[in-house]
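Presented below are the structures under discussion, each in the form of structure tokens.
In what comes next, chain A is part of two complexes: it sits with chain B in the first one and with chain C in the second one.
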Partner chain A sequence: MTHTTVAPDDKRDVRRADKAAASDRSKAENRLGMRLVAPAIFLMLLVTAFPMLRAIYLSVFNYSLTAPDDREFVGLSNYLTALTDSLFWETTLNTVFIMVVTVAIELVIGFAFAMVMHRVIFARGVIRTSILIPYGIITVVSGFAWQFAFSNNNGFVNAWLPFVEDNFNWFGEYGSAMAAIMVSEIWKTTPFMSLLLLAGLAQVSEDMLEAAKVDGATWWQRLWKVILPNMRSAIMVAVLFRALDAYRIFDNIFVMTAGAQGTESISFLTYRQVIEQFQLGIGSALSVLLFLSVLLIAFLIVKIFRVDLAAARQEG
Partner chain B sequence: MASLALASSLLAACGGDGGTPTLNWYVNPDGVDTFKTYAEECSTDQYDIAVQELPASATDQRTQLARRLAAEDSSTDLMNLDPVFVAEFANAGWLQEIPEELATEITDGGDYLQGAIDTVTWDDGVYAIPLWANTQVLWYRKSLAEAAGLDMTQPVTWDQVIEAASSQGGTVGVQANRYEAYVVWINAMMQGAGGAIVSDTEAGRDATVELDSDAGRKAAEIIQKLADSDAAQADLTVSNEGTSLGQMFPEEGPGEFMVNWTFVYANYKGLIGSPGGPADEQEFEDLGWARYPATVEGEPSKPPIGGIDIGLGAYSEHPDWALEAAQCITSTEAQVDLAVNDGLMPSTNSAYDEVAATGEFPEDLLDLYRTSVDEGGPRPKSPFYSQISSAVQSSWHSPTSVTPDSTPQQSADFLTEVLAGRSLL
Partner chain C sequence: MSTKNKIGIVIGAALILLWCLLPVAWIISLSFKSQEAITNGSPGFLPSEGGGAGWQNYRDVLADDQFLRSILNSIGISLIATFLSVVIATLAAYAIARLEFTGKKFVLTLALVIAMFPVVSLVGPLFDMWRTFGIYDTWPGLIIPYMSFTLPLAIWTLSAFFREIPWEMEQAAQVDGATSWQAFRKVIVPLAAPGVFTAAILTFFFAWNDFVFGISLTSTENARPIPAALSFFVGSDPFNRPASLLAAGAVVSTIPIIVIVLLFQRKIVAGLTSGAVKG
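Take a look at the complex of A and B:
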């Protein structure tokens, strides 16, 4: 009892206190906060900043793992090579294409799934779990599963689709191979999207929906005028996360086509330079460019859609 | 629990509660049973040899070994290397150099076949010990050659083979998918015309690109001729070592001429009476073999060389034992067993003599293999081989688009740019 009465008093005291006193306290809190996150920041720097700096360092050399003695400093010429090479732009375009299409489709399907998970009144656990299962599957496994599904020898997709010939080779040409890759990607990550959107749906107050209903709003109007505007920040966070993720697509391409038929993504191009050809210099330059593009995409999404990450986390 | 299990498996992997140390031998998945037998036989009181299997594809084998060696893995003691990896790995400092005495024995002892010796030398040193040596020969249907009036007792050229096949409704089997064996074909044809894809490979990035040459144009001419001819197989652009096997004894038609590795003989022998193989012993007798086709009439062909060399990890904790073990697993006895059990042909004259004595293979076939390996030509030995190969594949594929006027020149320009680091692959 005493505790509950003291606490509000405390708060009032703080509010009443003058500015200097308040900032003293907040300063102390800030210091404590810094000390608490310091170990985490140190660890993050160790495991992320070091490789990044190392990649930047390597990217200014012409350096092959199989000819360590021939390593030479070439300044920014690796970047110049990458940025003037048509292959770089083809793969970038490919990657952007995959990102835009998959995120758009995932957003729509993910929202439908989120609605189902939110509204369902029976077998809630079972339904939520089954929607989330694909997300629990390793991407490589999903890639193989869909590769078999699309295979013209033992797959079922050709048999199920009425307008496709039975021996149609999905991985034989660009368009169909990209479609297969995207299907696998969408199947695997839509649950993640719906999970983020479900959190947003939970934020929409039932009172507002009731009020809209009383005012005679249709289901469609409630969706567009009440639900979506109120979960805008959650949608944007979901789009941001998935877009960054999709831009780095690698596993599905590696498993399903290994980059054949021009289906290479920018991550795959980087992988081939570093891991297959041992070209650490140009490979690192590509990694740095990949990192910068991810930063750019994050910046654009945050700025264009004015995403407020704090609002999404229901802070302040 | 998980960490406990992990710790115990790690301990087990180290093989050592103070007992005999383990030498790890990384092998490619051909002939693994024979490798396991020899791992056991070559283990001593001082050390045990453990066979570790590598993935099936050559690219994956190379990547996996390279990752270990780049991290200076001390548990990689012995490894099976595709010949084209030797220069790459040796130049990176990942392979122990073979001591002079043994190196001289390999290069000048007279027992090893020249083609096999070529695969283990790099920059004046010997960096691996040949285990088995592969080569390609021309496989054909005797009845087809006879009908076309082609005298197979004399060296034949690509032009003759293509013309003979198309005149009788037969086909010519090659490897022209976008992969390593396509480079094997192009390299062999260029060497047969006295050229090479690149020369002065010791210069690394500054190696001289020789694709834009008469030899390059001649190779392009042959590819174009085959692609435009009726003798081209339907799946030419995606053909590999397996795709043309079925065309030798087809249900209809006179069969084919096919360049392919040594496994072909045992393959058809095992398929007598089965689908894809000869109908009976008599049809099997119709299978002929001859030296790899010449690019230019009158100039001896340079059959491709493959096989496996044993390399010693530079960071091994037991380099002396590894060397001893490598000598044991490449012994004549082991080579004979690999040939008889797995059809993987030897790299030495003495092993060939013993294989001949077993009577498992026709004597003239063994002679053909031995001469082919002895007089064959390796692919370019370069620390940048993987880039050279990929660049050639990318410019020369598809075979249907190859033209002597532009392909050699374009591919030379591209490869030069790639080697200089000015173009992405």
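Take a look at the complex of A and C:
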């Protein structure tokens, strides 16, 4: 930037000194800021970007740890193998199915829980403490608890549910095994969803609700016209986080069925290729595909919600 | 509030408690079923008449060297990862909340991307890399990925907290005659501590809960954490898992979580909600 005005010499000097000091200061601030975030950036990239690049590199080789010397370049054929294998599509479909069902159910139950927690005036501490227990509990433990609960040898679910025979084997067929897995997933993560939604609820202004009430809006109208539109961003954050988390489902499947009855998820398939069968080549290709599908889902959710946002704005 | 609403909320609150506590009660109840009863089959929520085990399962679990070792691993790895992650995240969050610098957006975006990363897609290359570096099946081999994956949550939570701190108070204290160290120690540290603490709890939960890294980056009891140890705990008969023993192990592994939740319930809720919604 240049000065066009002509100022007395001394004034100009002062101004220049000021400017130099200011920019020195901001430069120093800039440097300090970058130094402070550098370790965090380094660590985050070390365990994600670097291995991801390595996965992309390995994915074009036929590379098995059981015969590391036979590694050969095969181009994109690992991707071709994965994408033409029905197992890949079955597991992806399973994963999407689990993601859609669990997130939808969690959203409804989580919202109901958030409404109750928002309004409740007694035992707040007790309720919040208990809701944090499923959140904090190890997923593997949740998986075991539900696996044994559904077990026909030692569980209680068969006895408690009407229309279910006492010796019904939940893990003997696809549908019921998936249901058991989803119950464990939903139980463990609904509290997280409800806490995020609770924070969103707290941002809805009470005055607006009161005004709607005075204007004669029913409870149902207040919910759909006042509460939900005003917590759009909280809902979006919750859905985005949970959907991507559900898409990674692994622990519950590992513990409860180990992929039996066709209940494998895409994460489980990738794990099996890499860790159990030492097929780093095809496993890496699956890793890359898994990563790309997560990106795609994140993109789709953001897109879908944008559309919804625009539509809602036009309505209101 | 009308009576109808009140009744609805009471029922709702009861349902929440039931939802959260029933499975916990179930796993505790299961841990008191005797191993013979489990082998013969003992359906039902509570141990059957004569099928109770007293504290036997807990005694057996706590006498198991592998299980004890995995508790030690989990505690050590989780605490070290939490400490390091919070220190690094505090530096980064301070910079994000208080300084102007290029790349601020990049850090926040990177953190968000990593929070959503499909962890399993990394275990293959990490497995390979860690064996090359010689940290496969060691504590550092787990501490490093735990740090990386807890940094996003810690950075988001902490920067949300730090943005709320009235930093002018530091200068005010100095005007009142405090040295800069005193101003930092007596004014800023007490204000920042709750946020740091919350981030630490959430980080600890993540590390304690992790399963994917735990099973793929370890092979022996040298570094195997609790979730992995539980999943490999099959007992003498692999076709009939010792459910009640496992349940006892599960209860033991849940105790630290319950203690933390009981002590710090308020802070955890604040931390979970602050980072996520404001961002």
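Assorted remarks:
To be clear about the criterion, the second predicted complex is superposed on the first by the 267 of 316 C-alpha atoms of A that agree within 3 Å, B and C clash if a C-alpha of one lies under 4 Å from a C-alpha of the other, contacts with A are read in each partner's own complex, and residues count from 1 in each chain.
One rule holds in what follows: a residue touches a chain if its C-beta (ideal position, glycine included) is under 8 Å from a C-beta of that chain, and two chains touch if they have at least 3 such contacts.
Please read all numbers here as calculations on a predicted model, not as lab measurements.
Shared-chain residue A:288: touches chain C; no touch with chain B. When the two structures are aligned on the shared chain, A:275 is found in touch with chain B and with chain C. With both structures placed on the common chain, the touch criterion links A:96 to neither chain B nor chain C. In the superposition on chain A, A:62 makes contact with chain B only, while chain C stays out of contact range. Of the two partner chains, chain C is the only one that A:48 touches; chain B does not reach it. Of the two partner chains, chain B is the only one that A:87 touches; chain C does not reach it. Taking chain B and chain C in turn and counting the residues of chain A each one touches, the greater count comes from C. Touch criterion met: A:78 reaches chain B, while chain C stays clear of it. Chain A uses residues 65, 273, 275 to touch chain B in one structure and chain C in the other. Here chain B touches chain A in the complex through residues 59, 63, 66-67, 70, 88-89, 91-93, 204-205, 383-384, 386-387, 390, 421-425, going by the rule given at the top. Within the complex formed with chain A, the chain C residues making contact are 1, 5, 9, 12-13, 15-17, 19-21, 23-24, 26-27, 30, 33, 38, 41-45, 88-89, 91-92, 94-96, 99-104, 106-107, 110-111, 114-129, 144-145, 147-149, 151-152, 155, 205, 208-209, 211-212, 215-216, 226-227, 230-231, 243, 246-247, 250, 253-254, 257-258, 260-262, 265-266, 268-269, 272-274, 276-277, 279. Contacts from chain A toward chain B in the complex involve residues 62, 64-68, 70, 74, 77-78, 81-82, 85, 87-88, 269, 272-273, 275-279, 281-282. Against chain C, the residues of chain A that register as touching in their complex are 26, 29-34, 36-37, 39-41, 43-48, 50-52, 54-55, 58, 65, 112-113, 115-117, 119-120, 122-123, 125-142, 144-146, 148-149, 151-156, 158-160, 166, 187, 190-192, 195-196, 198-200, 203, 233-234, 237-238, 240-241, 244-245, 247-248, 250-251, 254-255, 267-268, 270-271, 273-275, 280, 283-284, 286-288, 290-291, 294, 298.
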